[in-house]
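When the chains are written out, they are named A, B, C and D in that same order, and each has its own residue count from 1.
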Amino acid sequence: MNRREETLIPKIGVITDVRIDTPDIKTFRVVTPDGKKAFDHRPGQCAMLSVPGVGEAMFSITSSPTNEEFMEFSIKKCGCVTEWLHQAEVGQQITIRGPYGKPFPVDDEFAGKNMLFIAGGVGLAPLRSVINYCRHYRDRYGKIDIVYGSRSKDDLLDYREIIDEWMTDAGVDVHLTIDREEDGWDGHVGFVPNYVKELGFDTDKTAVLCGPPIMIKFTLDGLVSLGFDKTQIYTTLELRMKCGVGKCGRCNVGAKYVCKDGPVFRCDELDELPDEY
Amino acid sequence: MRKCSLNSLQSVFGKIASSALLYLPVDSADGRAVFSKWDDGTPLSNALNTVRSPKDFFFPQTEDLMRFKTEGKSIEVIDVREETEDFVVFGVRACDVKSFDILDRVFLAEPRDSYYASRRDHGVIVSLACTRPSETCFCSTFGIDAASPAGDVSCWKTESEMFWQANTEKGEALIKKIEELTEECSDEAVKEQQEKTARIMKKLPLAGLNTDAFGGGKTEELFDRPEWTELSEACLGCGTCTFVCPTCQCYDIKDFNTGNGVIRYRCWDSCMYSEFTKMAHGNNRLSQKERFRQRFMHKLVYYPENNDGLFSCVGCGRCLSKCPISMNIAKVMKKLGGE
Amino acid sequence: MQVKEYKPLIVAFCCNWCSYAGADLAGNNRLNYPAEVKIIRVPCSCRVNPMFILRAFQRGADGVILCGCHPGDCHYTSGNYFTRRRMAMLFSMLDFLGIERERTRVEWVSAAEGAKFAATMTEFAEQVAALGENKRLEDLRCKK
Amino acid sequence: MQKITKEQLTEKAVSLLRDGTVTHVLGWSAGEFDYDITPAVFSDEASLRKSFVWNDFCGANFSKYLVSKTRGIEGKLLVFLKPCDTYSFNQLLTEHRFDREKVYAIGIPCEGMADIDKVKAICGDGISSVNCDGEKLLVQSIYEDAPISVSPSDVLAERCVNCKSKKHVAYDELMGEDGDVLDSARFDEVSRIEAMSPDERFLFWQNELSRCIRCNACRDACPACTCEVCVFNNPRSGVENKSPANNFEEQMFHIIRAFHVAGRCTDCGECSRVCPQNIPLHLLNRKFIKEMNECYGEYQAGETVGSKSPLTDYTLEDLEPGEVFDRGDINA
């Protein structure tokens, strides 16, 4: 019996590669036991990963949908599940379900636009998926600017990919910054919001933000002062989630459920929500 | 409409129970009504309502979702779902019947919750009209008529008879089953009872409570109201209101390591709890005021906004009688609605 | 048909300084005590939190015994005096809830009392065996 | 029927607010009906006069609120304490849970509080008002033309029937007369259960505890439960759980909670008052109190500030756990 579908029952995923990105962030490559991608997704969507007996948690899928072989998750060590994952080895099975949430409107609102991606710390994880999607379908978008900052050089995520691929792409400008001066770093030093203002982008762009709440707040203010309209700015939220499908009530803010109506929000939509995220 | 005498009610119950599990409100040893399984002769309680709501039948306080077996690096997922046995819940009050509409819109929305759906498919709800509402009742505020409850079958109990009216296909089937024990009748006695109850409803202390100040789209007006501080001041942060509430449906999913496998189970959770929204790196609702506000905003604004204006409260009054500090949705509505 | 003999599972919390050494001595002297006694070493008998006792029952113990240094001999001077009061109260509460009092015990066993350790365990295991399986403080989820 | 009146308390609070002795008043606020009273902090005369109430339904123990309500206020908080509340007040001071300097405590006499469930058992549902004619409670129901007269002693809450003390053990000022420590029969029910066979006891508690819905009201109302994060809420404690998944979880929660407050519980009875499922949780606490009294000498938590509870103390001659049982046999 039981032919009823049930989203809460996960599939098995296998960790096939673990990349150490920074001292507290690792990127995990996950496929099904028969070596396929667990499911298709759109840029910005999330998946529920779990370790039986430890717990389940929502992570954004960092790999682009254009990657047909596997999914990647960049995970910062900060709680029970993430701590467990950080000591997991290649070959370890976990469970995976998804995809959840509303993706970035890559084929609608973003199409044909100049794109500005702004990320701080592990906030690059959800953006990497959409950045690589835009790079893959390069001709569908205008100029791409990426501003990325973190605490130090060691804390920059996907550093090799940024240097080797993104920086070498035509029409893609990458602006890196770190919070404090550091030996061996000749790039920009300073916080992301300030750097964005210094760079002073034209407002002919669609901006996508992700990072710590405080960075989002100030960057948003900065962009608005540069003349951006809030309808041009997108961000992605994170709240505690359990079900992933708008039923358990945990990620409810205003009339929205972050797991179902988000995590991607346009900033003018956020203004309509109570300040509880 | 059909009827049977109260003297033959036990044989009607017996007939129903011959093909499905039958639950009904029964007086427990300490004098409170609880839903219990009917066995030969179990008398129906005369109490107005049960302490716990009948949502337990469809959304139990805890249920196993799945099991895991782990060995080395590999995991096996074991589906523990079983199709629910057919069951009948008798004696559900009008308010609680309405609560299933509210829960349905959450659990049966895509993707359907198969655990809940299976119970909904196999459960038949037989409602029972109220004749003696309590001072804590305010179902009429939400457009519910206590004297004509919905459900698969509606029942009215008079001094000597029980009247039965099928409302759905499932209900027709149930009535068919007890056809021999009931007789076709006019609805005069029921009408008379309904009019009498309607008169009582108007006399209830909370009869004037209305929802004018609430509903979808009122977030901005209500969210920052200063009254929240005062209203939530004494809140202990316990989960009594949410757990006795027939419409509260927030849940938690947790893993339990049994020593020989892992059970992933679901249990009721409460937005009143301090750790409800706590994440590894912070909490977006730090004070009890914010948590308290969330509960009432959800019931009175957010839920109606997403569900065609339907409020997520049915006025059953359980939270009014059970809150340790007597703070409840009626007081919140009066305060914010400008008394 | 051969009926498998019921062997109760006993969890013994033993303090590191006396009772664990006592258990060691019992082993060194080749004294027999039931193999179903599972020893958990704790720094001091007063390390044992009431939760430990309940957890042991949850995970399938049929009896729980707590062994520490004799009163007056605690390595930390007074730990076992606190244990004595605490466990007296806890066990009495379990008894109040109808959980058989014969399933719990506190015994003082010094490092020199290997024989006492073995005898106590044997006797306790028999006592618990007479009661049969722990049904009143069990967690059905943990049953195999 | 309370000897002190709402007007007396209101005037007192108003005068203390006016002369600046206190800046806030922790009191009872009237509800929809006469019995659904909510604790509230008043900071001005107008709101006091409008909502402050004192009647036979002011059961809530305010002591625990002092932990949160004295934080972050300038000036002093006036609190009205019934005799039983003063024990919790002292116990919290013993545990350094609030700043005594921020509190102005007024002891008020209490004639026992009514239990609305008992009122409803006599008068039925549909109560529109409960008044007092000086002696009897007059209960008006929407189903009756005339009010039903009820003797307060017939509807006293269990904890008040077995009141242990009418004496205030802490206050800055006393209104009315102080009472005495009473010779209560509060341990009778514990003795009755002790006298049962283990099987009967088990069935009794299974029936009670299986009703638990783990709403945590008992814990959250308990003046002895003031941990900032309870172990049962802390994912790092290894025992976090919030569901009554089965009998074991229910038993574990209540055993551990009772044990945690053992020696600190003043027997104020809030746990049983707030339980939505009417579980007699106070019996667990009373069992511990009775046991400790008998084994380690009479001790009343909260009687004085700074006293050492039996479980943080010991003597060289304490009974062995086995002997405690044997003693129990003699009692039975």
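Some observations on this one:
Operating definition for what follows: contacts are C-beta pairs under 8 Å (C-beta built on N, C-alpha and C of every residue); 3 or more make two chains touch, one makes a residue touch a chain.
Keep in mind the model is a prediction, meaning the values are calculated, not measured.
Counting C-beta pairs in contact across B-C and across B-D gives the higher total for B-D. Here the chain at the heart of the structure, going by C-alpha means, is B.
Computed from the mean C-alpha positions, the centre of chain B lies at a distance of 46 Å from the centre of chain C.
As a whole-number value, the distance joining the C-alpha centres of chain A and chain D reads 51 Å.
Chain B and chain D, compared by their mean Cα positions, are separated by 30 Å.
Within chain B, contacts with two or more other chains are made by residues 252, 254, 256, 269. In chain A, the residues that reach two or more other chains under the touch definition are 80. Residue positions 139, 141 of chain C are each in touch with at least two other chains.
Chain A contributes residues 1-2, 4-12, 50, 52-56, 78-80, 82, 89, 91-95, 238-240, 242-243, 245-255, 272-274, 276-277 to its touches with chain B in the complex. The residues of chain B lying in touch with chain D in their complex are 29-32, 48, 51-52, 61-62, 132-135, 200, 203-206, 230, 233-234, 236-240, 242-244, 252, 254, 256, 265, 267-270, 273-275, 320-322, 324-328, 330-331, 334.
Across the interface of their complex, chain B is touched by residues 31-33, 36-41, 60, 65, 116, 121, 124-128, 142-143, 207, 213-217, 219-221, 229, 233, 235, 241-245, 273-274, 276-278 of chain D. Put simply, chain C touches chain B in their complex at residues 59-60, 139, 141-142, 144. Considering their complex, residues 65-66, 68, 70, 73-75, 77, 79, 81-83, 106-107, 109, 111-115, 117-118, 216, 219-220, 223, 249-255, 257, 262, 264, 266, 269, 271, 276-281, 284-285, 290, 294, 297-298, 301-302, 305-306 of chain B touch chain A.
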